[in-house]
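Order of writing sets the chain letters: A, B, C and D. Residues in each chain are counted from 1.
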Amino acid sequence: MRIAVQSAPFDSAAELAGFGGAGAGAIVTFTGIVRNDSGEMQALELEHYPGMTERAMTAIAEEAVARWSLTDVLVIHRYGRFAVGEQIMMVATAARHRKAAFEAAEFLMDYLKSRAPFWKKEIGPTGENWIAAKEADEDALKRW
Amino acid sequence: MRIAVQSAPFDSAAELAGFGGAGAGAIVTFTGIVRNDSGEMQALELEHYPGMTERAMTAIAEEAVARWSLTDVLVIHRYGRFAVGEQIMMVATAARHRKAAFEAAEFLMDYLKSRAPFWKKEIGPTGENWIAAKEADEDALKRW
Amino acid sequence: MTEPAGIEVVYFAWVRERIGLPRESITTSAATVADLVEELCAREPRYAAAFADLSALRVALDQELSDFSAPLAGVREVAFFPPMTGG
Amino acid sequence: MTEPAGIEVVYFAWVRERIGLPRESITTSAATVADLVEELCAREPRYAAAFADLSALRVALDQELSDFSAPLAGVREVAFFPPMTGG
């Protein structure tokens, strides 16, 4: 298990070298990339709550390992200022079977989105704008 | 879009360099690894139907692109003889949002499993054994 | 029965092993896949053994999945194999 | 009301921006989070502005998500922030 909160970019390939664990038959990864939804975004700023972020991410990852008998799990989340197209975070799950690996990765994403203390602010030509949480994101937790 | 059927190993990192397409916010990958379920497997052999394999994989990938508006898709499937722990195949999907990327990757896996012409044979100390298709694999197609 | 035509028949996995060869060219006037299977089974026991349970088999016509009731007219390649186990 | 105690109060995202500082140490005898919010709001308009709609806010006690009715006894750090938007 590896949990990292960092401002530096990460190298997915390097992170995944040796990832898997004994008995893994399926590895799923998710990578989040900064989109330019409005077409006018100049940068994205991610603020986080040092200390709580690591705790929340560890708790979420440990729950995924227990529920889906994961053989390995990786969660990396960056904070700071990002340009469009930059990698913002990634998760990876390894399990014996593909269904468990997929479900665990989706669970991690749903929980990271609404339970890890990160806040996104869009920087545009006319000012800054905190991105509001979506009701759908909170609803997504109900299926787990 | 990249579709490959090959006996040679693939380098996921190299395959994913430049993967994504314009407007991608989410990339999901799946990698399948040879498991040793019986604990006695010495090798896994994968036979395929040259020509039909490429056609089936392309058709499945094109359907995924259309249904989930993917900005990019990658499907690599190997054939030949494998040792336990070797990478056997991978898919990658890129989309604006995570839900589409996850669903499309699961769709690709479900269809590749039951609609791409590959057959697996386990080589063990006491002989060879063709792996039977599971009813659950066929059932998995119904949700799409 | 239709006009006799040349057709490639290909076999995979345990179907190939039971029949003992990966492909053969045959001339047949079978109208459908089922007719072709019947013709092959009448040839030799190894064919009858391979085709004993059609529910355990799949068929592709010119590299597209099809079924045993499909007509063979215009088809150049027929493939028989067990359910696929890729992924 | 309980015995006055020292507590760290931290703010994130637009809560931090409205209040104008990221953290402060205060001494309070508030029994619950809601009591603490009331006490802060009474201080200055910028607090009242930040806490105007509690349904738009979340609270964490010692870095665990909690709620506004939770008691503050023994708590060293209270954090206020909007719903999270990670991922």
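Convention: a contact is a pair of C-beta atoms (placed from the backbone, for glycine too) under 8 Å apart; a residue touches a chain by one contact, two chains touch by 3 or more.
What you see is a predicted model; the values in this text were computed from it and never measured.
A.B. asks: Following contacts chain by chain, what is the lowest number of steps it takes to reach subunit D starting at subunit B?
C.D. replies: Each step joins two touching chains, and the minimum needed here is 2.
A.B. asks: With subunit B excluded and the rest untouched, write the groups of chains still joined, or say one piece.
C.D. replies: When subunit B drops out of the picture, the chain contacts leave these groups behind: A, D | C.
A.B. asks: Any idea how many Å lie between the Cα centroids of subunit C and subunit D?
C.D. replies: 74
A.B. asks: Between subunit A and subunit B, what's the gap in Å when you average each chain's C-alpha atoms?
C.D. replies: 24
A.B. asks: Please report how many Å separate the Cα centroid of subunit A from that of subunit C, as a whole number.
C.D. replies: 49
A.B. asks: Averaging only over C-alpha atoms, locate the centres of subunit A and subunit D and give their separation in whole Å.
C.D. replies: From the centre of subunit A to the centre of subunit D is 27 Å.
A.B. asks: Out of subunit B, which residues touch more than one other chain, so two or more?
C.D. replies: In subunit B, the residues touching two or more other chains are 32, 98, 109.
A.B. asks: At least two partner chains per residue is the criterion; list those residues in subunit D.
C.D. replies: 87
A.B. asks: Quick one: which chain pairs are touching?
C.D. replies: Contact pairs between chains: A-B, A-D, B-C.
A.B. asks: Could you pull out which subunit A residues touch subunit D in their complex?
C.D. replies: Checking each residue of subunit A against subunit D gives 32, 46-49, 51-52, 55, 77, 89, 109, 112-121, 130-133, 137-138.
A.B. asks: Mind listing the subunit B positions that touch subunit A in their complex?
C.D. replies: 12-13, 16, 20, 23-36, 96, 98, 101-102, 105-106, 109
A.B. asks: State the interface residues of subunit C toward subunit B in the complex, per the touch definition above.
C.D. replies: 10, 12-14, 16, 60, 63-65, 79, 81-87
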